[in-house]
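In what follows, a single structure is set out as structure tokens and then discussed.
Read from first to last, the chains carry the letters A, B, C and D; within each, the first residue is number 1.
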Amino acid sequence: MEKIKSVADLKKLKQQSALSRKSGDESSQQNAITIKVAMATCGIASGARETYDYFVQELKRQKINAIVSQTGCMSYCYAEPTVEITLPHEEPVVFGFVNTAKAQEIVDRYILHHEFVDGVIPASYKTV
Amino acid sequence: MTKTHIFVCGGIGCRAMESEQLRKNFQREILVRGLSDEVQVVTTGCFGFCEKGPLVKILPDQTFYVQVSPDDAAEIVSEHIIHQRKVERLLYIDPETRKRVTESKDMDFYKRQFRIALRNCGVIDPDNIEEYIARDGYSAIAKCLTEYTPEKVIDIVKKSGLRGRGGGGFPTGLKWEITRKSENSQKYVVCNADEGDPGAFMDRSILEGDPHSVIEAMAICGYCIGADKGLIYIRAEYPLAIKRLKRALQQAVDTGLLGRDILGTGFNFEIEIRYGAGAFVCGEETALIHSMEGCRGEPTFKPPFPSVEGYMGKPTNVNNVETFANIPVIINKGAEWFSAIGTEKSKGTKVFALAGKINNVGLIEVPMGTTLREIIYDIGGGIKDGKKFKAVQTGGPSGGCLSEKYLDTPIDYDNLIEAGSMMGSGGMIVLDENDCMVSIAKFYLGFTLDESCGKCAPCRIGNKRLYEKLDKITSGEGTMEDLVRLKSLSLVIKDTSLCGLGQSSPNPVLSTLTNFYDEYVAHVKEKKCPSKQCKDLINFTIIEDKCTGCTLCFRNCPVEAISGEKSKIHHIHQDKCIKCGLCYSKCKFEAILIE
Amino acid sequence: MIKITIDQKTVSVPRGTTILEAAEKAGIDIPTLCHMKLHDMNIENKPGGCRICVVEVNGRRNLTPSCCTEVEEGMMINTHSMRVINARRTVLELILSDHPAECLTCAKSGDCELQRMAHRLGIREIHCKGEQSAYRIDNSPAIIRDPDKCIMCRRCEMMCNEVQTVGVLSAVHRGFNSVVSPAFEKDLMHSECTFCGQCLAVCPTGALTEVDETTSVVRAISDREKVVVVQTAPAVRAALGEEFGYQAGTVVTGKMVAALRRLGFNYVFDTDFAADLTIMEEGTELLQRLNAFLKGDKSVKLPILTSCCPAWVKFFEHQFPELIDIPSTARSPQQMFGSIAKTYLAEKLGVDRKNMIVVSIMPCVAKKYERGRDEFYVDGNPDVDIVLTTRELAHLIKLCNIDLTTLPEEDFDEPLGQSTGAGVLFGTTGGVIEAAVRTAYEIQTGKALPRINFEELRGMEGFRKAIVDFDGLELNIGIAHGLGNARKLLEDIEQGKSHFHAIEIMSCPGGCIGGGGQPYHHGNADILMKRQHALYTEDELKVIRKSHENPDILKLYAEFLGKPLSEKSHKLLHTNYFNRKAE
Amino acid sequence: MTKTQLSEPAEILVKSICARYKNDEHELINILHELQHELGHLPAELQSAVAHELHIPVSKIYGVVSFYSFFTMLPKGKYQISVCLGTACYVRGGELVLEEFKRRLNIKTGETTKDGVFSLSCIRCVGACGLAPVVTIGEKVYGRVSPQQVRRIIDEYLMLEEG
């Protein structure tokens, strides 16, 4: 990992990451679908790891350009496992109770056809 | 072409108001009108605005309809979907402007939650420092090191009004200032991550979801008080949090954000992890320090406070995880911004672990001053299974049980203490009509009994006696004198115990005695448990008129206490019955009577 | 100075003073239970655990323990408000609710701080009864541990760990199940316990008491076939009087001898005689080693360490087995006495050793253990049969309705009763080495001592050093009392940092005057100072003050032993030590 | 104290772990954590060996071991069943689940079955309150456990045992 030796280094790194997130240039990274799986203790206990693995394998199999990553607790403990999906140029959407069957439905309908499926969890909070 | 979506809230609160029927009606309308290809109906999770349910949101135009009845489905489809005209009467009226709100993005106010401490949880990959940096991570420490003197930073924290989120609510800035003023060549920053309160898990979530925020804040604290060493005392029962924290520490070291000469400013700071070993009392800062020193986690009398004489006898600043998680935001956004949130004496937000008999169990973060009603009914989606609310327990074993009359009390440190409870670390357990308050008090006392360190007499013996009395009462052997003794003994334990554990351990007893005295009296005088929970005071019998002989209870009984043949009336053998209540919950014909 | 108001009285006290100390100054007595402070010895126990000393401070939400709370300017304190009284009584009731109501048969009855507190606070009923702790009683040869009676004051733990650094006792478990115990709840006999008895000397209740052997003495004296011989240790005479209303520091030697005769002992002898004998053997050994060392004999090790304290012996056997060749091989005075009594005396009296019962009156609990060590048995018969502590002797005297105060002063019997001032000094820290110096000087230099008192060896400091001029030869002398101080010294020796020629070590703070078997001092260190002073006075009053001038000792050598370190001496008066580390 | 009966590998382990912490008595809890992680439990002779390395009384170590609920002196079962009795689990019936485990395994909380297959303990909140009542066996977490499921859960492991 590269050393951050000054405030300037820090700012540069921040800009780089921010750029790579927002700009709509052509590289595959920017047009990728991002999938975040809530993988805190309760998520994992509810099967988030299986869900995560499913997304990784299924999207690879279907050759869909997507980045699957883990994240912390989204706080909807009652609806674990929870997954947040951001299609390019769209608002992120959170789905609850995402077992592998649900994950399959999400891939087939939301990711491929932009159709919502049952289990969308509306964002119930503002954040800093 | 983008499809039109009709989001129908499937949260339990809305379901109770026929949202399921509403959804069916929508589907029928769409089918009848041949719109199936263009319009899709989706059931969602709770919107967190249950008092105005059932809720419907239309995409892509973001229109938000409230209090939609099943009969409104036809009108919404014909007016909104087909004719592109909003159904004015179903739009929400902003109580302040008295205007109808058309789009949900203008309706942020229904979002009761505001996330500061949890800002990155569920947003970033905790194992990737770059994601943290992308969200302003480490910019606060950079700002402190390059633009502010330590005194200035302490001033900001003081002005922000931030108080310790671990329970006591001591002003954080003041603590930092005292530690700064304690002269010593070696000082320590300690992060208390020994979250022991049963039913609270916000610290775990923060460490699992956003470990860098705590690391950054500890470094800021180190800069302020003049410490180059930090220690995180974490529960060994949190393996995932430990793993993520270790990885985050490694990344911070690898990138040079921890270690020597941070950001080229000459400031040095390093962090080590210490493990708890299963002792709730180690949440108390002196006990925690002794535990880190390899000793029994027994608290010592304060003063001297750790700020003056702490770890290894050196000045030590102890804050908990949630407190630290607020710090970088306060530095970045400023004291005024932070202190504008919350109540007069409690600033900012508080994370609560909402659990128990509530629909939306989860971690929530709300501004100080939010009422229990807002939390339970709007965010929590109301009581599970449509049962009646009885109480909410806040503050874990140190807190108390608040009854209905406190539902509209704005929650902050002082109001909770006034109500006989405590903020604690933010556990919030909702109880319904089926929960026996005497048993709940006994449950908490049982916890304290297990966790008391045994050093001081009132806590060591007093809590045992309280527990024994509660046990006597729940067994139907209590007397009215026991109730008097419970109270007087509780007050002395509070008044004389050595540390916060003992000083607050009788709170569950006192608050239930105050708010649910009738339940105690029922146990004592009538030998009855109104909630039908106390095993010694209840019997399960079969109502012969209602029993259909379906054998469901017979098959589910774990101890074969039920006899009977198919289509014949069943019978419960009282000598075998362990009163687990399974038959009662399984019977479809309400044929089991608890008396 | 800080000005505060206690119970409407205004007092000024220095910063750092606790409320308890300030109240004391104002003449207000706040009851305490776990707190204990030995002023001149830097020993303090204030865990703040019992919560009996709580007081009300204006502006504080909760009551505060006065023993741990330092005064602050302008503090308004109420030490006996109704709120305080209610809390104090409730807390005491709680403590009593987990304490067996066995006062009638408890060894501590009448001398129990908990009992006194219950009396003082007027407890008539325990309102909050419930489950009581139920532990096994731990019987060792010296100490009985009855954990049911433990109130978790932690005094014993503090003495065992901080003062003595023996580390046998520790708080274990937690909550209601917490108790002070050896590791794994093992018996003391199977631990590294030295039986110094400092734990029971400070225990406020009957949780730690000595093994009571008064019944054995009554039985022995009642047995007409037995010749019962008693010896009394130096420190006993300086403390026994306290049990009979005398001021601390009153020497009651003559009355004690009279009382022992009234009790029916056949012969009343003095351990001081054996102390003189110890000096002869140990002093000679010191000179032998010293002279060989000075001649460059590499096989000889210095310093020589005294060995008259049995707790100290057991301590180094456990903790410093690699040093077991440096302490003197001389037995303790108690064992020398027993050995001589059952040989020399028995011969003189024509009594078979099996029919002779040797009873020791000791200020010490470890002596009960020492007498039972295998090496002090001859053909299955012990040199010393029974050991009573000073406290037990007092009980026995009272039991037999003997009024010590009205007794005449009587002399010890011959031939083991005559002693010198040097022997008396064995009862205090610094005394053994002073006695040894008096004799060694004259033997080594062949000159008479220019002075007899060695002030440089005296005092109450936990660790002292002095240089004694042996007519040109400077002898470096070290003195430690309290095993914690001894440990520091031994560590220095191990690391080669120490250059002493001789070191005296006593396990108990103050030496034997502060022994675990003495009348309880209840935390008052003044008592120890007075007992020490009494012994020095007793020494001054003696005509003969050097051990080698004791005529009966000279006679013993002439008639029986030959000379110091003779073969017979070695057999009867010396011992060897064991590595107990692996135990 | 008993004579040291520690096996040679265990003795070497104690020495190496203590040495890694520079034989610093303040690191006692970290050392005990590592030893329990390696050996499963902390028997008396092991504690004596640690005392020897750190130059502290064994009574102090026992005081610490017996204070913290995480440390155990008894060997645990192959499968360690922990029933959460945090508040959320308690109000949702965790106690009934615990009772059922006790009844079916015929052991008390804190004990191990005679065959050494299961040990049972209760824990205070694993922070999975959304899944209450929760049972953990090793790393695996069972959520929303009802008393009826208990037999099935036990059988699952018994089948594993039988192969």
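Convention: a residue touches a chain if its C-beta (ideal position, glycine included) is under 8 Å from a C-beta of that chain, and two chains touch if they have at least 3 such contacts.
What you see is a predicted model; the values in this text were computed from it and never measured.
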### Task
Compute per-chain Cα centres, compare each with the mean of all protein Cα atoms, and return the closest chain.
D
### Message
Among the chains here, which has the CA centroid at the largest distance from chain B's centroid?
### Response
C
### Query
When the contacting C-beta pairs are counted for C-D and for A-D, which pair yields the higher total?
C-D
### Task
Could you grab the centroid distance between chain C and chain D? Build each centroid from C-alpha atoms only and quote it in angstrom.
44
### Query
Just curious, how far off is chain D from chain A if you go by their C-alpha centres, in Å?
37
### Message
Based only on mean CA positions, could you tell me how far chain A sits from chain C in angstrom?
### Response
74
### Query
Any idea how many Å lie between the Cα centroids of chain B and chain D?
27
### Summary
Note: chain C residues in touch with at least two other chains are 171, 173-174
### Summary
Listed in rising order, chain A residues that touch 2 or more other chains are 41-42, 44, 77-78
### Task
Indicate the residues of chain D shared as contacts by at least two other chains.
60, 63, 67, 126-130
## Note on the structure
Chains touch in the following pairs A-B, A-D, B-C, B-D, C-D
### Task
Spell out the part of chain A that touches chain B in their complex, as residue ranges.
1-7, 9-11, 13-14, 17-18, 21, 36, 38, 40-42, 44, 69-79, 82, 84, 96, 114-128
### Summary
Listed in rising order, the residues of chain C that touch chain B in the complex are 47-51, 54, 62-63, 65, 68-70, 83, 86-87, 90-91, 94-95, 97-98, 127-128, 130-131, 151-152, 171, 173-178
### Partner chain A, residues of chain B touching it in the complex
2-3, 5, 7, 9-10, 40, 42-48, 57, 59, 108, 111-116, 118-131, 133-134, 136-139, 142, 145-146, 201, 204-206, 208-210, 238, 240-241, 251, 254-257, 263-264, 329, 333, 355, 359-365, 379
### Task
Could you please specify the touching residues of chain A with respect to chain D in the complex?
41-42, 44-46, 77-78, 80
### chain D residues touching chain A - in the complex, by the definition given at the top
126-131, 134, 141, 143
